[in-house]
Structure formats: structure tokens, C-alpha cells
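I've put the structures underneath this note.
The two complexes that follow have subunit A in common; it is paired with subunit B in the first and with subunit C in the second.
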Partner chain A sequence: MNRIGEHFHGWIYAIFALLTLCVFFACVCLGSVGIPLRDTARVILDAIRGVPSDGALQLARSVIIPVRLPRVLCVALVGASLALAGAAMQGLLKNPLADGSTLGVSSGASLGAVMAIAFGITFPSLPFAGSMVMAILFALLSLLIILGLAYRLDCSLSTNTIILIGVIFSMFASSVMSIVITFASDHLKSITFWTMGSLQGASYHNAAVLAATLLICATVLLLHANELNAFAVGEENARQIGVNVRRVRLIVLITVSCLIGVCVSIGGTIGFVGLVTPHMVRMIVGPNHKRLLPASLFSGAVFLMLADLVARTLLNPRELPIGVVTSIIGAIVFVFIYYRSRRR
Partner chain B sequence: MLTIEHLSVKYGTLAAVDDLSVSVGEGQWLMIVGPNGAGKSTVLNAVSQGVSYTGTIRYEGKDLRKTDAATRAKAIGVLSQNHYMGYAFTVEEVVRLGRYAHRSGLFSPHKAADEAAVEEALAYTGLKSLRKQSVLTLSGGELQRTFLAQVFAQSPRLLLLDEPTNHLDLVYQKQLFALISEWLKTPGRAVVSVVHDLSLAKAYGTQTLLLHRGRAAAFGDTETVMQPQFLNAVYDMDVADWMRTLLGQWQPDAHASN
Partner chain C sequence: MKRMTKWLAVLTAAILLLAVGCTAQPAQPAEPTEAPAVEQPTEAPAVEQPTEAPAEQPTEEPAPDASVSIIDMMGHEVTLEKPAERIVALTASDCEIVFALGAGDLLVGRGEWCDYPAEVLAIPSVESGGNTNIEQILALNPDVVVMSSMAQTEEQVKQLNDAGVAVVVNEAKDIAGVYTSIELLGKLLGKEEQAAAIIDGMKAQFAEIEANKLDGEQTIYFEVSPLQWGLWTAGGGTFMNEVAEMVGLKNCFADLEGWAQISEEQVLERNPDYIVTITMYYGQGPTPEEEIMSRPGWENVTAVQNAAILNLPNNELSRPIPRLADGAKILYDFVMEKAEALQPAA
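Coming up: the complex of A and B.
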């Protein structure tokens, strides 16, 4: 298969960015109430300038500005973050099936967030971010436990071992979550949100937190693209060419945990985005992380925005949880990748 | 150039290498030979800091344990025996990774020296025509040459080769040893390699370390170490007789009698 390879210049990024922007506006326009693109653009411009919209556009503005725009923004940022985290983990572990959901990291992060809600855990310096901090901490802790167990069983971190440990850890996290829910039935409605995965009711505040996290984490990961390439060739090879494997592994794991933790604390468990997107993108741009990471970032945003659009419109006026849509697509792609990797 | 003093490596309670002391000078090719489980690869792993050990390993007088990974990679190149590739990197991308340690910072662009080293390594190993090919489509010999090119791109002065001809057919074995012999001709370089084939050790090695259960059974000039009294004791058989029997199959009279 031909791929863009070395000739991956600025214009390719421009195409990815343009495609993302087109899908973004399409998703803002489409929904239970369809709004023409011209009206959407005028409403957004009016809101940016701080002026009231014409009488005919009042309804459109009441749908777009407080509801649809923050939601689509959050969906795009979560998609970009999860795809970036998946691409980085797949490189670091040299495993195309590594992802927050397959490794059980998302389940661990959900457990952290649920515990924060159920027991009212807050942090003195971050009183409004108890569930977020707990989700990040539990994501990192889960990753360390899963990789620690996998290393003890099989130093080569083979696909089978990783997936097996991930499944076991996810089941364990779900069981603990059930126990927590039993003891905190008064928070049942809030907790159910985490298990389903949804960005309904996302706010601009959420979008700002996601954007800041993505900006920092994407910068860190892009600066380590060469190191991720070395890990993707092999950890032993990385050490032999001079990569400080312990330091890089720790930096990437913390960064990935932050991305997954923040996404889970805002959108709940949205599975398989980090698995599906980098896999598709790798077939187009190749495995070099200098190209794979930015391409995954844009493609993750597009993938999740489209999945959210399906979730919002397929059974209109009823809405499907976005996690259900991504899991259905992801499960099919997972089987496809696993089958291919077993045949190789 | 490389000095190993009182090296010991333990895997649990098993002593894989026990109180080993050897040294390698410039222009020398040290062959490490011995039966399976003698600790040959473990010695190389210790030099490349892949296992924890007691004792001291010095390169140019500096303790390798206290040397950072990038400095070490600029001096020492390691060629492993197996390469399992999961992703479709191109040959050039893998070779280019060899310049990782030479980058001065995160934002530093590729320097002319990096480009020259990559081009030279690709040309030296005959991989220029395959530079854009995916490593997943290469034969075992081509893949081994790709990683040899990566090692050459590192511009090291000391090469560590762990059974480099494993799984390679005779053509690639000959090519690989010819390439390394040529590389060694430049002054200030040295090679340490683990080999199973005693004929290869005899043909290319300037020095030989004969290992037996983690200890040095003999160490010195290849001619001296390859004497029957050392080899027969370690391999528990008449090694020279076995080698002659094998080579005898290629004598014209043996061929005629078949």
C-alpha cells in the first residue's frame, strides 16, 4: 500500500486541519434541529463579537451557543486526546492493540472518578477537580499495575499478555466500582454517567480544561516522537541507540495517564477511539511518530465527532451514549487487527 | 579500549558469569565462544548495560556504569541476533534512528554529518536500493543488514555482535563477516562478537575467549585458545576431529566416493 511517507509536508497538515474544521461545522449544524451553515456561522460570529442575533436566529443561537458548540468542541478535543494517547501507547509498548480501553486504564480512571463522586473526595488546592485528579491518579496507577503484572509474566510484553491482563484488570475495576455504587446509591445517577460515556451537557469550562491538557500533552509527546519511534522498533534497540528508556517511558506514561484521566473525568469511558484511529492513520502515513501523532490527533477528533453525530441523530429524538457507538465500531476493528496480527 | 574486571552476573541464584576479566585493544576482534549456557551473550549484555552486574567494565578508562546512554551509544554499537518488527518502518527510518545519540537537543535539525553518516551506512551495507522498503517485507539477511547499517550510522568505535549470523544462510554469513572485517580496518576500532561456529572464530578472530559455565576456560590469541586441550575439555568431545570430519565431506576424493 502506498503511503504518504517522507513527503509529509505542511500541506498535509493543512488538509487534516481543514477536514477537521469541515466535520466540526457539520456536527454543529446537524442534530435533532438542523441549522443551515450560514446561520450557524452568523450565530457564532455574533456570540464572539458579543452582540445579540437577529430575531430569526434566536432559536438557532439558543441551540448552538449553550448546547451544541461546547459539546462538539469537547467531543473533538476528547477524540484528539484519546487518539494521541493510543498512538503513543502503541508505540511505547510496540503493540498495535494497546489503548486506554484494552489495557484497562480507562476502567481504572473511571474507578477513580466514581470514588471521588461517591465519597465526595476533593483536594484543598483543586476543590472543583476532585474527580479529575482522582481519574488521572487512578489512570497512572492502573497503567503501572497492568504493565508491572505483564512484565512479571512476560518480559516481551506480548499482545496476548497485555490484553489478558487488561481484561482481568478491567473486570477487577468494574467489580470494585459495583461495590462503591452499592455503598453510594444516592449518587447512582451521576455514577451511571461514567460507565456509559457521554458528552451530553459538556461546558466551555470542560473544553478549556481539555484544550489546555491536550496542548501540554501533545507538545510533550511530539517532542518525544523520535524516542517513540525507537520504542516502536524495540525497547532493547532504543536502549542501544542511546535512549534513556526509563525516563522516556515514565514521561510518556504520565502524559498518557493525564490525557486519559482528564478525558474520562469529563466524558466518561469512551472506548476504542485510541485503538481505531491510530491504526487507520498508520495505514496512510506509516508508523513514524513524527507524522503519526499529529495525524492521529486530527483523525481522532474527526472520528469522535462523527461517532457523536451518529449517537445524536440515529434514533432521533432519542440519543445513544457515544461510548456505545465507538465500542461497536472499535470491537469490529479490534477483531480485524487481532486477526491480522495473529496471521503475521 | 574495553577492559572487563571481575565481572559477575547472577540470574537469581545462578551465576551466569563468574569473576571474568578480559580486555580488548584497538584493531582486535574478540570472539567469545563456548557451549550453550556458558554465559556468552550475558557478557555482551553486561557491556551494553542490559543486565545488572558486579565488577567493572571500562571503555577508554571510563566506567560504563557511570556513562549515560547517549554517550555510550556514540562509542559502542550493538547488533542483536533477533529483530522482531511490529510496524512497517522503512529501512531508512530504522537506519536513521542510529543517529539518535548524536542529536544535540530536542529541536536540533538533522545535521549534514547525520545525513552523511546515514548515506554512508546505507551504501556500505548495500541497502540504498531498499531504503524506502518496509522492514516487514525484508528477508532475514536484509533485516540483519538494516540493523548493521543502523549500528554503523551510530559511528561507534566498538562493535558488539551477538551471534550475528544466527538464522542467516551462507551467502549472508559471508557478506556480514566481510563487511565487519572491512569496517575493522579503520584504525581505532574493535569488535567483540559471540559466535557458535568455531571455524568463523578461527578465521576472523584475533583474540578468543572460551567460556565454560560462566568462567574463562581460556583467553588469549585465537591460535593459542583454539588448542585441543582447551576446546576438548570445555565441549567434552574431540572438537578438531569433528571439524575435520565435517570438512572432509568437501574433499574431492570424499565427493567421488559418494
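Coming up: the complex of A and C.
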């Protein structure tokens, strides 16, 4: 596998951004209801200029502008956030299998959001903020618990220890969630369905929240790319070259928790994106986090948008849950990558 | 490094297993044949599977006289010495039918989701569906257990039979199936006359509606699960579809078989004239009708423009029960009233 050298830095961004944009437009143009490319462009332009569309374009307009566009936007942002979080965790923990879903952080975040709904934790004027804040807090709490337990068992935080604890924690969080749901009053039984995740009905409001979170978290993580590189070699090494290990670790963990918490509270648990995307990207741009992080961000968006496209159109007019598609594609790609890398 | 790779292999396997687990879960609601219970969150308590299922063989030899012998919906023959006197019904629809037959006093146990009529709540509740607990059922010492085919295992049936409890599987998928299940339970409980009366009543109500039905030009969309959880609808081959036809409306998702998760865009494109939602309202936030009216992009849907949205949260249309006839009547009256209200303007 040829790796692109450091000096390609500038246009790697350009290529990835362009690819992401192309996929984005393709996903907006394709969907359950077939709308000609020209009409799609027309209604988008009309919407931007704020003028009503012709009568014949009424359907196209009400499909594209309030339904399809915000959904594709949210999907892209969730994909980018999850992949970025995965890449950062894999670097920080020096662990190629780290990801929100394998470490149990997503389950923890779901638990937080479910508890917010079950116990009616809300902030006045911001109806969804309650579950979002709880999801973030629980994501962070789960990370701290998992890493705390792992440290007690073995100070070097070896791959297997963390993952096994993550799997166990994941199961634990799911059972607590079942208990909360069982004790919650009748109408809260509907929470069960929330945990499966759905980006149907995603709004521009959701997209704005996701975009803001991603912007802040991506900036923070990119500013710590050097430190992540040091961590990827080893924590001891990082300490020796003068990285404030404790501080950086805490910052990265909080950032990752925010990303995962917001994604889970909006889209539910979507597995494999954070695990597989950084792996694929690493094969192309190499392990340097300065390139890996932005590349993961764009690729995550592309991966999830394509998965969602499959979910939306494969069984048209039926729809598949997006998590099913990512898990199937993700598992196959992962096995492929893993075997290739072992053979080498 | 080498050691780590070895571990990696093991872990990959573990994670893949995990992934399969994860996939299985979300996939579940996709089962088209499954009943609303699964796909339809807010209403979950409602429907357990409209059931049908294997039944079990007679554990005892038929006695000459009062013996009752029926073939249940899975084609198993069930024979009892005399009409059942202690019965456990696990699905909400079976409980309703038992009460409709006037045999509510014979119910010694009910599934946890049974909620109609209100008297049913006083009856001891047992776990049902995937959590069916044989010990709980045996503790109630029933003659017969009526259950659905879903989540019922051969082992469970055998355990019940070994304990001398007959198992009857009852699972109506269409209106004819509802008649059959009423007949079946009527026979089982020695209430055949009542069963016949209920069926005749339903048929009469349906006939009355059909006699004045609409021309089949207008379309209806049944929303079984709201947008928030992913849209689910009732397609062809469901009793909701049959009711639509009876009223003279075209179900706009009749091309799909059974219950299906559908794309929001499709609803906009198919542009239904009427919408029926079975989402329950819990007294806070917008009502299900308001929520549908406020969805971005739906403002051009005919039903939304005419506010022709009907909420039927009490399972009148979503359970295979005698009340289906009432549900059909409510829908018919609603459609007629809307049509009249719109007429003068035109």
C-alpha cells in the first residue's frame, strides 16, 4: 500500500472534501421518491433564494428541502463525528479496536439519555437538551469507569483488557437500561425503540447542533494531533517527550464523550462507523494523526451517507434501520482489512 | 506485537459476534409480519401478536359428553373433557374476546399488556411474548392457555401439556381470522351462542358500512409508528387494509405485504387523503394529530391540508378483536363527516 507523504497535506483535504461533497449531492439527489436532477437543483435554488417553487415542483420541494436534505446532513455529521471519535480513541488508547460501540461508550450514552427521558430530566426551553446532556455525561462516565477498571487490572492498558471491560460494561449498561425501562411507566416503554436509533425525521435543528459540536470537538482534537501521535507510540513515550499525559487524556476523553453523546442522543446507537472508517483511512493516509483525523472525519461522513442511501433505497418503498446496514458493511470490511493487514 | 495480533484475532471474533447481536436487534422491527407491538412503540402495550400458533394436543381422552374438541389456528387438535373453566389468555386480543363472550370470570390470568376492558386489569398478570414464564402460568392452575405463535417455543408448549394444561393458539391476521378466533374461543368456553351473536353483530356492522361505501378513489395511510421512531404502516393483508377497503378507501401502501417500515418520502409522494394514527397521547406536548400536522414537508399532503387525521389510540383498528367493527364505524363516520365538511366549499 503506497502511503502519501507528508507534503501532500494540502490537497488531501481538497480531495476528501470534494469526495464528501460529491457523495452528499448524490445522496440528496437519490432517494425513495425519484426526482430528476434538474428538479432537485431547481428546488434547492428556489429554497436558497426563498421563493416558492412552481406547482409541478411542489412534491419535489417538500421531499427534498424539509425531509431529505436535513436527513443527509445529519447522517453526514453523525458519520463524521463517530469516525473522528473512533480515530482519536484508537490513537489515545493505542488500541486499534477502540470505538464508541466496542468500548461501551455508546451504551453508556444511551443509558444516560434513557434515564433523562424516564426521570423527566429536562431544561426549560430546550426540550431535547436533557437527554443530550445526560448522554454526554454518561458517555464520559462510562469512559472513566472502563479506563479506571482497566488501569486497575493492568497499567499498560493492553488492547484485550480494555475491550473486554468495554464489552462487559456494554452489557451492564444495557441491562440497567432494561431495568429502567421496566420500572418506567407505560408510555416510557417507547424508549426501547429510541435506543435502536433512527435518523428519520432529522431536522435542520439537529443538524445545527451536530455541526456545532463537530466544529468545536474537531478543532480541539486537531490541536492535539501531535500529542495523539505521541500516545499512539506509547504513553511512556508521550510523557518523556514532554506531553502532559493526564491533561491531554482528559481533554481527548471529554471531547470524544461530547461527540458520541450528541450523536447517540440524536441518532441512537450506530455501530461500526468509528471502528472501520479510521482503519480504511489509515491504509490510505498513514497513521499520522494530523492527516488521519481530518481524513477520518470526511470518510466517516461518506461511509455513513452511503450506508444511509442503501437503507433508504434498497428495499424501496420500505426502509431499513441504518444500524443494520452499517453493521453488515462494517463487519465485512473489517474482516477484509484485518486479514489483509495480518497477511502482510 | 505478535502476541497482540493473536489477541486481536480473538477479539475480532468476539466483536463480530457482538456486531451480529447488535444487528439482530434493530432488525427485529423490520419483520414485516410482526404485529404492531413490535413496530409500534407508543402503542406497545397494545398488541402482542395477534396470535396464531401451534396448539397442543389433548392430554386427556375425550369424555363422552360435554367434551370439547377444536382445531386451533396452527391446525392442532385440542380436546377437553368439558368447556374450559380456568383460562389464561396471553394476548390482549384474546382477553378482549373472552370478555366479549361474557366469560371474563373464567379468566384466571392475563398477559401483561392486556388492557381492555378495564376489568381485565384486576386479573392476575403474567409475562407474555418473549418473556412467557411457564411457572407463573402453572401457578394459576388453568385448564387452557391461549397464546400466540410468536415467541412460543415447542418446549414451552410441551411443559404446559405435561402439566395437564391444554394450549390453544389463536392468531388472526385478517377479519375472517377474527371470526374464526371468536368461534374457537366460544367453543372452548362453551359460549358458542354468544360467539355466533358477536360474529353476526360484526358482520351486520360491516355490511352497513359497506352498503354505503365510498368509491375507492380516495386514499388512506395508516400510521402505526410515528416519525420519531421511524414510520411503520399497515400494508396489504392486514385487517386495517381490509377495513380501508370496506369503507371504500384505498390503502396507499397496499402494495406492501403486512406491516412495514416505510420511507417518509413515500408518504409525501403517495399523498394520502386521510391519515389514521394509532399513537397514544399522554397528555403532554402536541397530540399525535398536531404532531403530524406540524411535520416539515407534510404541509402539502392532502390529509394534512384538510386536517383529515384521525387518532385511534385505543386499538379499535390495530387488534384482531370484535371492536374492529366499531373501529371501522368510527373511521367511516370520520371520513363521511370530513367529506361533507369539504363538500360545500367545493
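The criterion applied here is as follows: the second predicted complex is superposed on the first by the 318 of 344 C-alpha atoms of A that agree within 3 Å, B and C clash if a C-alpha of one lies under 4 Å from a C-alpha of the other, contacts with A are read in each partner's own complex, and residues count from 1 in each chain.
FYI, a contact is a pair of C-beta atoms (placed from the backbone, for glycine too) under 8 Å apart; a residue touches a chain by one contact, two chains touch by 3 or more.
Everything numeric in this text was worked out from a predicted model, so none of it was measured.
*Asks:* Put subunit B and subunit C onto subunit A via the superposition and say whether they clash or fit.
*Replies:* fit
*Asks:* Rounded to the nearest 10 degrees, how wide is the angle at the Cα centre of subunit A between the Cα centres of subunit B and subunit C?
*Replies:* About 140 degrees between subunit B and subunit C, seen from subunit A.
*Asks:* When the two structures are overlaid on chain A, which partner does A:Gly286 contact: first (subunit B), second (subunit C), both, or neither?
*Replies:* In the superposition, A:Gly286 touches subunit B alone.
*Asks:* Could you say whether A:Ser178 touches subunit B, subunit C, both of them, or neither, answering first, second, both or neither?
*Replies:* After superposing on A, A:Ser178 lies clear of both subunit B and subunit C.
*Asks:* Report the partner of subunit A that touches more of its residues: subunit B or subunit C.
*Replies:* C
*Asks:* What is the contact status of A:Leu59 with respect to subunit B (first) and subunit C (second): first, second, both, or neither?
*Replies:* second
*Asks:* For A:Pro96, is the partner it touches subunit B (first), subunit C (second), both, or none of the two (neither)?
*Replies:* Both partners, subunit B and subunit C.
*Asks:* Does subunit B (first) or subunit C (second) touch A:Ser32, or do both, or does neither?
*Replies:* second
*Asks:* Does the superposition put A:Thr219 against subunit B (first), subunit C (second), both, or neither?
*Replies:* neither
*Asks:* I want to verify one number: the closest Cα approach of subunit B to subunit C after the superposition, in Å.
*Replies:* When the complexes share the chain A frame, the smallest subunit B-subunit C C-alpha distance is 6 Å.
*Asks:* I'd like to check the shared interface: which positions of subunit A are touched by both subunit B and subunit C across the two complexes?
*Replies:* Residues 96, which sit in both footprints.
*Asks:* In the complex formed with subunit B, which residues of subunit A make contact?
*Replies:* These residues of subunit A touch subunit B: 5-6, 94-96, 223, 226, 229-230, 232-234, 236-237, 239-245, 282, 286-288.
*Asks:* Sort out for me which residues of subunit A touch subunit C in the complex.
*Replies:* My answer: residues 31-33, 58-59, 62-63, 65-68, 96-97, 101-102, 158-160, 163, 167, 170, 186-187, 189-190, 192-194, 196-198, 200-201, 203, 269, 271-272, 275, 312, 316-321, 323-324, 327-328, 330-331, 334-335, 338, 342.
*Asks:* Flag every residue of subunit C that touches subunit A in the complex, lowest number first.
*Replies:* 4-5, 7-12, 14-16, 18-20, 22-23, 25-27, 29-30, 32, 41-42, 44-45, 225, 227-231, 253, 255-256, 260-266, 268-269, 271, 280, 282, 295-300
*Asks:* If you look only at subunit B, which of its residues touch subunit A in the complex?
*Replies:* Against subunit A, subunit B makes touches at 48-50, 68-74, 77-78, 80, 83-90, 92-94, 97-98, 100-101, 103, 106, 132, 147, 150, 154.
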